[in-house]
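I've put the structures underneath this note.
After this come two complexes, each holding chain A, first together with chain B and then together with chain C.
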Partner chain A sequence: MRKCSLDKINLVFAEIAKNAALYLPVDQNDGSAAYKKWEEGTVWSNALNTVRSPKDFFFPQTEDLMAFKVEGKNIEVMDTRSESEDFVVFGVRACDVKSFDILDRVFLTEPVDSFYGSRRQHGIIISLACTRPSETCFCKTFGIDPSEPAGDISAWKTETEIFFLANTEKGEELLNKLSALTEECDDSAVNAQKEKITAIMDKLPLKELKTDAFGGGKTNELFDAPEWAELSQSCLGCGTCTFVCPTCQCYDIKDFNTGNGVIRYRCWDSCMYSDFTKMAHGNNRLTQKERFRQRFMHKLVYFPENNDGEFSCVGCGRCLAKCPISMNIVKVMKKIGGNKSE
Partner chain B sequence: MQKITREQLIDKAVALLADGTVSCVLGWSKGEFDYDVTPAMFNNEEELKANFVFNDFCGVNFSKYLVAKTQKCEGKILVFLKPCDTYSFNQLLTEHRFDREKVYAVGIPCEGMADIAKVKEICGDGISSIAFEGEKMAVTTLYEDAPVMLAANDVLAERCINCKSKKCVAFDELMGDEGNVIDSNRFDEVEKLEAMTPDERFAFWQNELSRCIRCNACRDACPACTCEKCVFDNPNSGVENKSPANSFEEKMFHIIRAFHVAGRCTDCGECSRVCPQNIPLHLLNRKFIKDMNEFYGEYQAGAEVGSRAPLVNYTTEDLEPGEVFDRRDTDA
Partner chain C sequence: MNNMTETLIPKIGVITDVRIDTPDIKTFRVVTPDGKKAFDHRPGQCAMLSVPGVGEAMFSITSSPTNEDYMEFSIKKCGCVTDWLHQAEPGQQITIRGPYGKPFPVDDVFAGKDLLFIAGGVGLAPLRSVINYCRHYRDRYGKIDIVYGSRSKDDLLDYQEIIEEWSTDAGVNVHLTIDNPQEGWDGHVGFVPNYVKELGFDTNKVAVLCGPPIMIKFTLDGLCSIGFDKTDIYTTLELRMKCGVGKCGRCNVGAKYVCKDGPVFRCDELDELPAEY
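What follows is the complex of A and B.
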């Protein structure tokens, strides 16, 4: 383990940015935080987390796949790939680091998504242990420990210092480059920090939330649960929950007519939208109840069924904070799970 | 803090259910925390007593819900409308979007709603409880032993700071006073934008709209956006998109939407309330309202049922389109 005084954090950032683009949470005018590219003068945010999740770094909201140039009867196919930048994402919370494992299961199993895969190869994750979890946090429900964030390098912050521990070869290599700015240390300060975090975790209002009622094999039991109607009754059908979610990974592929050609791009899609997975025969989910149910069945039943029991929620709490009508996965789990376990 | 209480509203609802005036109630249902309330239908006293809430976080405008709910509910729906909601209610009636006979509207006074983001700005994250004590809000967090006492003005939502009217303009019954239209400073921010050079203004909107994640929450919450099928959701329209192919398209979405609701937008502020990226979308609509007031005389959408908005009402007094261009030239 190595440490460095927070006074020198900008020197650390500058060192990292010498070899790769460095992204980190930065405060915005509206009071929220967002990942921005570091440059001299950029101030690292103290916010617990960003509104948009860091999934953008590997699976951007919009991504050009290829382009066609049309001249008369000739069509030229053009390579538009751009995912070759080496980059480091700094300050990723434990929940969001876990979301990359979930996305990996989707995009890195055969057939491998080479766009995502390429970005994963080019990216290094420096995680950061939480110090002040929010009431909306429930990562523990999914077995995530915010005091032990994964990533290529794990980091812990105290009032005055920051501690780094490399977990992978990539992380080791990067940490070695920071050796002039950091010093070797034992893990006593980090252990004290972990204890503090654990004590807070025991006070969180959602600490009792359980996944027992969900998981693979529950489709028949839960699909027609009467509670879906009530839970979805006020859903606006907007895509906020899906777009702030670090694990939602559905996308659509579309052609944009440029006038003399076509840009074929993919963009995030949302199961909340009326034209989601629309096919020649029409739409297989005609009501908002069905679309709403799809989102939660996917995260809590279908995904674990196909992925060794892994749920596709990390308890980051973004959907709790951002849903315009405050309906979210916690309310779904309590209503449906609560009734089933009685 | 709200003067009308949860108990008063429940008593009213129970009485109207009991005498058969209404068969169900559209109200606010309590959530996991003291601030996250969800719109819900209540069918009886038991449900009301268990889950109905009314407090400073009940900002949702129920008017738009009536479009769908009136088609599903047998009998009349009781809806509680805050003054700003009543304007949307009237506007939807003007556009024949729901059956007035299927609604029993109770107008309730509103002291302004709180913005949880402002509460968190002051008290920090990790809110464990919010209690309402007279004129104060007591906010307890996981990190401090003593609650932080907040005054209503400390955490008032932006749209409520610039409230245009405390008057209920539509109701079958009132609880409390009818209220008055008030002088607001709601055009101040628009004037600031007008005072910018075109380049500055472009940069302002570029910065704001570039944060858009195209979740459509603004559209889906907007009481003026009630098209059965939005052009942006229709794959056959040629302009449908789920996220922008480029930054021009993003601006196009918001500008088209602002044009589409021009003259019909009551300035309820739901668009900005629901935006997960805190984009001040209401300023686009307010600019239109201000321009229409200046070009065609004062007009408030939803102030009454059946009024003709300036943009769909020809009069010989109307200004010539050329005058708008003249004004533009002197602006910058």
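What follows is the complex of A and C.
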């Protein structure tokens, strides 16, 4: 483990940015935080987390897949993929780091999605332990420890210092480049902080939230639960939950006519939208009840069924904070899971 | 340039022939620009066809894998991409990628068995692939019965091939029906599910169903009522798709993706899935 004084953090950022684009959470005018590219003078945010998850770095909201040249009856397909540049994402919380494992299970399963795969190869994650998890946090429900974030390098921040531990070869390589700015240290300060975080976790309001009622094989038991109708009644179908979610990965593929060619691009889509499954001959999810149910059944039943029991939620709490009608996965889990106690 | 292969990036296909099958179904013959088959497939598998600037959609490959020269797609005019394709002329290039999905178990489950194919309307398109595959390897299968119905005589797909080739094969019985009486039609009149019950097949065979959801439902009920077991009945599903490889997240029924776990399902497997298809 290595450490450096927080006074020197901008030197660390400058060193990293010499070789790769560096992104980190930065305060916005509206009081929220967002990932921005670091440049001299950029101030790292103290916020617990960003409004949008860092999934954008690997699975951007929109990206070009290919281009077509159309001339008369003839078409030419142009591979517009370029080699990704190396980049570093700094300050990723344990929940969001875990979301990359979940996205990997989708995009890196054969046939590998080369757009995502290339970015994963070129990206380095420096995670950051949480010092003050909030009342919307429930990562522990999904087995995530906010004091032990994964990633290529794990980091812990105290009042005065920041500690780094490399977990992968890529992380080791990067940490070596920072050797002039950091010094070798033991893990006593980090261990003390882990204890503090654990103590906070034990006081969080959602600490009792359990996944016992969910998991693979529960489809028939839960699909026709009468609670879906009530839970989905006020859902506006706005899709905000899917857009802020670090694990939602449904996408659409569309063509755009540029005037002298066609760009085929991919963009995020949402199972909450009425046209998501609409076909020329009908729609198999006709009302918001079916669409709402799909989102939660996917995260809590279908995904674990196909992925060794892994749930497709990391308890980051973004949907709790952002849903305009205050509906969220926690309410669904309590109601459908039969655990109605607050 | 990123040299990883990418399933979403298609090949070019050339439409070399357009056959008008019914008032709203055309069959398109597709090869690569150098005149070859775009890729090999198994009976029941699908391909993503696209018209750049219009869109991409999933279609069943209606030609048999035993056809080594080209692929065919029978396409009903019913949406943006299909409307555009219906205006296309030979020589038109499109894009093609695949094959996608799980095929019919023609080489294990079907081997040595009597086969009963039941189709309604454009539902014959995915079955034509497996029917012609089984006809090609005729000695590997027992008796073949084909029940096919449509709204009218004019709506029967592949009529020429059915009359001239399928009906004349030894050990192949074709039973055609149309919904309402029509001048010039002396065959059976009535809906497919009822006709299947009237024909009263012995149940020692594998049945394959494809057609509109309502036809599948009643035919399935009918087959079960005459003693068929759902483990011997196969069908295909169709839902909206974008990627074809289980990643874009829209064609799932419960934990199964129609694009990669289907489109072919055994009817007892379907019973395990939520009724959302």
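Criterion: the second predicted complex is superposed on the first by the 329 of 342 C-alpha atoms of A that agree within 3 Å, B and C clash if a C-alpha of one lies under 4 Å from a C-alpha of the other, contacts with A are read in each partner's own complex, and residues count from 1 in each chain.
The rule is simple: contacts are C-beta pairs under 8 Å (C-beta built on N, C-alpha and C of every residue); 3 or more make two chains touch, one makes a residue touch a chain.
Since this is a predicted model, take the numbers as computed values, not measurements.
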{"item": "Superposed partners chain B and chain C on chain A - clash or fit", "value": "fit"}
{"item": "Chain B versus chain C as contact partner of A:Val106, first or second or both or neither", "value": "second"}
{"item": "First (chain B), second (chain C), both or neither touched by A:Asp269", "value": "both"}
{"item": "Which superposed partner A:Lys331 touches (first chain B, second chain C, both, neither)", "value": "first"}
{"item": "Partner chain in contact with A:Val244 - chain B first, chain C second, else both or neither", "value": "first"}
{"item": "First, second, both or neither for A:Ser234, with chain B first and chain C second", "value": "first"}
{"item": "Touching partner for A:Arg132 - first (chain B), second (chain C), both, neither", "value": "first"}
{"item": "Chain B versus chain C as contact partner of A:Asp252, first or second or both or neither", "value": "both"}
{"item": "Partner chain(s) touched by A:Gly215 [first = chain B, second = chain C, both, neither]", "value": "neither"}
{"item": "Inter-centroid angle chain B-chain A-chain C after superposition on A [Cα, multiple of 10°]", "value": "90"}
{"item": "First, second, both or neither for A:Val70, with chain B first and chain C second", "value": "second"}
{"item": "Minimum Cα separation, chain C to chain B, after superposition on A (Å)", "value": "8"}
{"item": "Where chain A meets both chain C and chain B, residue numbers", "value": "252, 254, 269, 278"}
{"item": "Residues of chain A that touch chain B when the two form their complex", "value": "28, 30-32, 34, 48, 51-52, 61-62, 132-136, 200, 203-206, 230, 233-234, 236-240, 242-244, 252, 254, 256, 263, 265, 267-270, 273-275, 278, 320, 322, 324-327, 330-331"}
{"item": "In the complex with chain A, residue positions of chain B that touch it", "value": "31-33, 36-41, 60, 65, 117, 121, 124-128, 142-143, 211, 213-217, 219-221, 229, 233-235, 240-245, 273-274, 276-278"}
{"item": "Residues of chain C defined as touching chain A within the complex", "value": "1-2, 4-12, 50, 52-56, 78-79, 82, 89, 91-95, 238-240, 242-243, 245-255, 272-274, 276-277"}
{"item": "Touch list for chain A against partner chain C, complex", "value": "65-66, 68, 70, 73-77, 79, 81-84, 106-107, 109, 111-115, 117-118, 216, 219-220, 223-224, 249-255, 257, 262, 264, 266, 269, 271, 276-281, 284-285, 290, 294, 297-298, 301-302, 305-306"}
